[in-house]
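Several structures are given next for inspection.
Next come two complexes built around subunit A: one with subunit B, the other with subunit C.
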Partner chain A sequence: MDLSIILENLPIYFTGLKNTVILVSISLVLGLLLAVPLAILRNYGNPLVQLPIRAFVYFFRGTPLLVQMFLIYYGFGQFDLIKESLLWPFFREAYFCALFAFTLNTAAYTTEILRGAIKATPHGEIEAAMAAGMSRFLMVRRIILPSAFRRALPAYSNEIIFMLHGSSLASVITIVDITGAARIINSRFYSPYEAFLTAAVFYLAITFLIVFLVKKLEVHWFAHLQPQSTSEQVVESPP
Partner chain B sequence: MFSLHGYGPSIFEGTILTLEVSLASLFIAMLLGICGALAKLSRARSLRLIAQIYTTTIRGIPDLVLMLLVFYGGQMFINQLGPMLGYDGYIDINPFIAGVSTIGFIFGAYMTETFRGAILAVNKGQLEAGTAYGMSAFMVFRRITLPQMVRHALPGFGNNWLVLIKTTALVSIIGLNDMVRKAGLAAGATREPFTFYLVVAINYLVITSISIYILKQLERRYSVGVREF
Partner chain C sequence: MEDRVVSVALDEIHKRFDANEVLKGISLSAHHGEVISVLGPSGSGKSTLLRCINLLEVPDSGRLFVSGEEVILKKTRDNRTVPADMKQVERIRSKLAMVFQQFNLWSHLTILQNVIEAPVHVLKVPRQEAIDRAKMYLDKVGIPDKLEAYPAHLSGGQQQRAAIARALAVEPEVILFDEPTSALDPELVGEVLQVMRTLAEEGRTMIVVTHEMGFAQEVSSRVIFLDEGLVMEDGDPQTVFNNPETDRFSTFIKAMV
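Now for the complex of A and B:
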């Protein structure tokens, strides 16, 4: 192990870290924004709407992310229709293609997670909402989604970590993310241990940070389910 | 659009290799998973600690980074080890071995968790009864724990298998001729990347769908002795 290689090249790793964080956070946010309406339609939409959503989820969950990325990055150039359209400047860029593939991928997984969470809404809550005279939209917004998000959180935290790990594939199409940085350093100095172990440490640190933040969020969201703290249960002594 | 320009057989060969990599990795993953699960449930603290470190680190590092580490790092390690053992030639690490061992090692961690849960789900009283009959610990495991944990392990096992198949796509990056790489070669020659990658995607969908069907059958078979509620 030659630590000086790592220390001298830390700037490359930080560039990689920046790209990884950007790719993962943007695709997670866009994916979640896509997944919420898709999951609602998947549960309550009419069968003609449900079918394409099912096909979308089936395709993106059943094929490797690498192949999806190749289909978009290399594949779209095959069609003159796309090549001549205004979108081509975007799809020519590796960065945009990676972002596009990651977004659709995480949208599909998140749709499936949310679908299950929405389906598991207790009947009583829905009946109570109807009895209170809520409209369909109000019921989804106030009753179904808040409780579904809570139920989905543990599975969604896995999805966040999965996306972080999946983002390492961006390095295959020339993007300098953390893995990309490691590959540059490995080929430049022929030092695989230093290069990839450093990348591994970066990923481990981010993973632990995510796990920590989700735990915090869980405590906050599930506050009403926590056992009451003993300090508040002061038993008054009888007079 | 859907002409494969004679590359069909080549893609088919790649599909066979993908299946080989998947099955070989699954075998390693299952062995590691059983060992890991037993280590996690053992009374020895050091074993529990090792298993804990194994599962935590593997789940925190991307598959691709581990694979590149094993492929490039393993190469260097073996060639440093060779002279120490009195071997002078250069040893080339085979991408098949690098790929299979990495994927097996990664999914061994996931299998550990699955198997650990399944072992814990087996009725304690039965194990005690086995011990009371004078069975050795190994025999209790083989005759009582193992047959019953299969039922509890199958759903998690199935999920791991489906993820594992998709992970094998990564071996194309370290130069193994699986179907993704074969598709890449064909795409380069014909300039029809979308067609070939779509074929590969459909192949994955077919493999996963067949797997799901078989897993359903297995689950039904191993749940025969249990009443469905």
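Now for the complex of A and C:
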């Protein structure tokens, strides 16, 4: 094993790291912003609104991310309608296509995660909100979503990590992400072991950071689920 | 009784679930300051009646008035009855408060947050004022030290008392109690009944669906007995318990003790 290859080429990996972080974080943020209203409409919208959302989720969960990316990057160029439109400067770029595919993909998965979490809101808590005179909108904002986000967090942290790993596919369409950096080093020095092991270490480090942050959020968000003995509450006998 | 303000009035309320007609024409008015116990065997429609008042269930027919305002209902094309104006329903609900059998506190909010939620976000009371008021009511129900606790960290009795504080915090015209002690361990029932007794003595208007005969007899100012969707008895506790008009009530009482 020749570590000097890696050390000398660390700047390429850092470029890759930067691209991975940008791609993953932007697509996660946009995907979540899309997923929240979609999940609400998927639960409470009328059937005509629900149908296209179901179709969207079914398509993006039912096909591989790589195929989705190819469809967008290679496929869209086939249509004159898109080629002649104002969107072409965007869809011409691999970077934009990857971002577009990742965003829609994570939006679909996140919609499904949130849909389940919203559906699982205890019915009594919803009745209490109605009895208090809350409007539908206020109830969703104050009671249903805060409660659903908490339920969704463990599944969503999985989605974050899947998205990180899924983003390695961006390297297939010429993007220099972490995996892309590894492929450059490999093809330059014929040292696949060093090249990809370094990529693995980068992914492990990011995953570690994600797990750590989710854990912190859980401590904060799940205070209401902690056993009494670990919080500052003391067990009392009934008066 | 005629000169007192009517808080809630029901006129010929009917409600059915599919083939099962639960309420078969209930008329009743609750006056300001009355504490009404609604008794009846299970399936007699007690809870449905209570839930019709704040429109958690929508009556199929009949008229409903809350503090002088008639709730406007309309028929849909598939012949269901729905409120004509959700804004009106929200306004009416905000004048009422409900205490549930299963407490139904919002589990992700602390007790203090639970109590200030409706005052701040529905009634638009300034936050600090709502907090001061919440502390007063939590003190009244005997859990002033649980402000920062989450519902899951309290006993059933404490949760129900917190739920009562949440109901008081909106300063409602009428508090609706839906079997407030039925989900509690026997040794916790007393603490909740004690709080309810205090509220009754303060002259608050309460409609209480309950199986607690002691409460009905000693605390309430009026007892209503429901059976098979109809009001069978309606009067002050002494009269109803000592000289019931129907055999059904006598049978019901015997079965309870």
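Going forward, the second predicted complex is superposed on the first by the 227 of 239 C-alpha atoms of A that agree within 3 Å, B and C clash if a C-alpha of one lies under 4 Å from a C-alpha of the other, contacts with A are read in each partner's own complex, and residues count from 1 in each chain.
One rule holds in what follows: contacts are C-beta pairs under 8 Å (C-beta built on N, C-alpha and C of every residue); 3 or more make two chains touch, one makes a residue touch a chain.
Quick caveat: nothing in here was measured; it's all calculated off a predicted structure.
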Which of subunit B and subunit C A:135 touches, first, second, both or neither: second
First (subunit B), second (subunit C), both or neither touched by A:67: first
Contact breadth on subunit A, by residue count: subunit C or subunit B: B
First, second, both or neither for A:37, with subunit B first and subunit C second: neither
Touching residues (chain side subunit B, partner subunit A) in the complex: 57, 59-66, 68-69, 72-73, 75-76, 166-170, 172-173, 180, 183-184, 187, 191-195, 197-198, 200-201, 204-205, 208-209
Residues of subunit A touching subunit C in the complex: 122, 124-125, 127-136, 138, 142-143, 146-147, 150, 221, 223-225, 228, 231, 233, 238-239
Subunit A residues within the subunit B interface of the complex: 58-59, 62-68, 70-71, 74-79, 161, 164-169, 171-172, 179, 182-183, 186, 192-193, 195-197, 199-200, 203-204, 207-208
Touching residues (chain side subunit C, partner subunit A) in the complex: 54, 56, 86, 90-98, 100, 102-110, 117-118, 121-122, 142, 149-153, 155, 157, 170, 187-188, 191
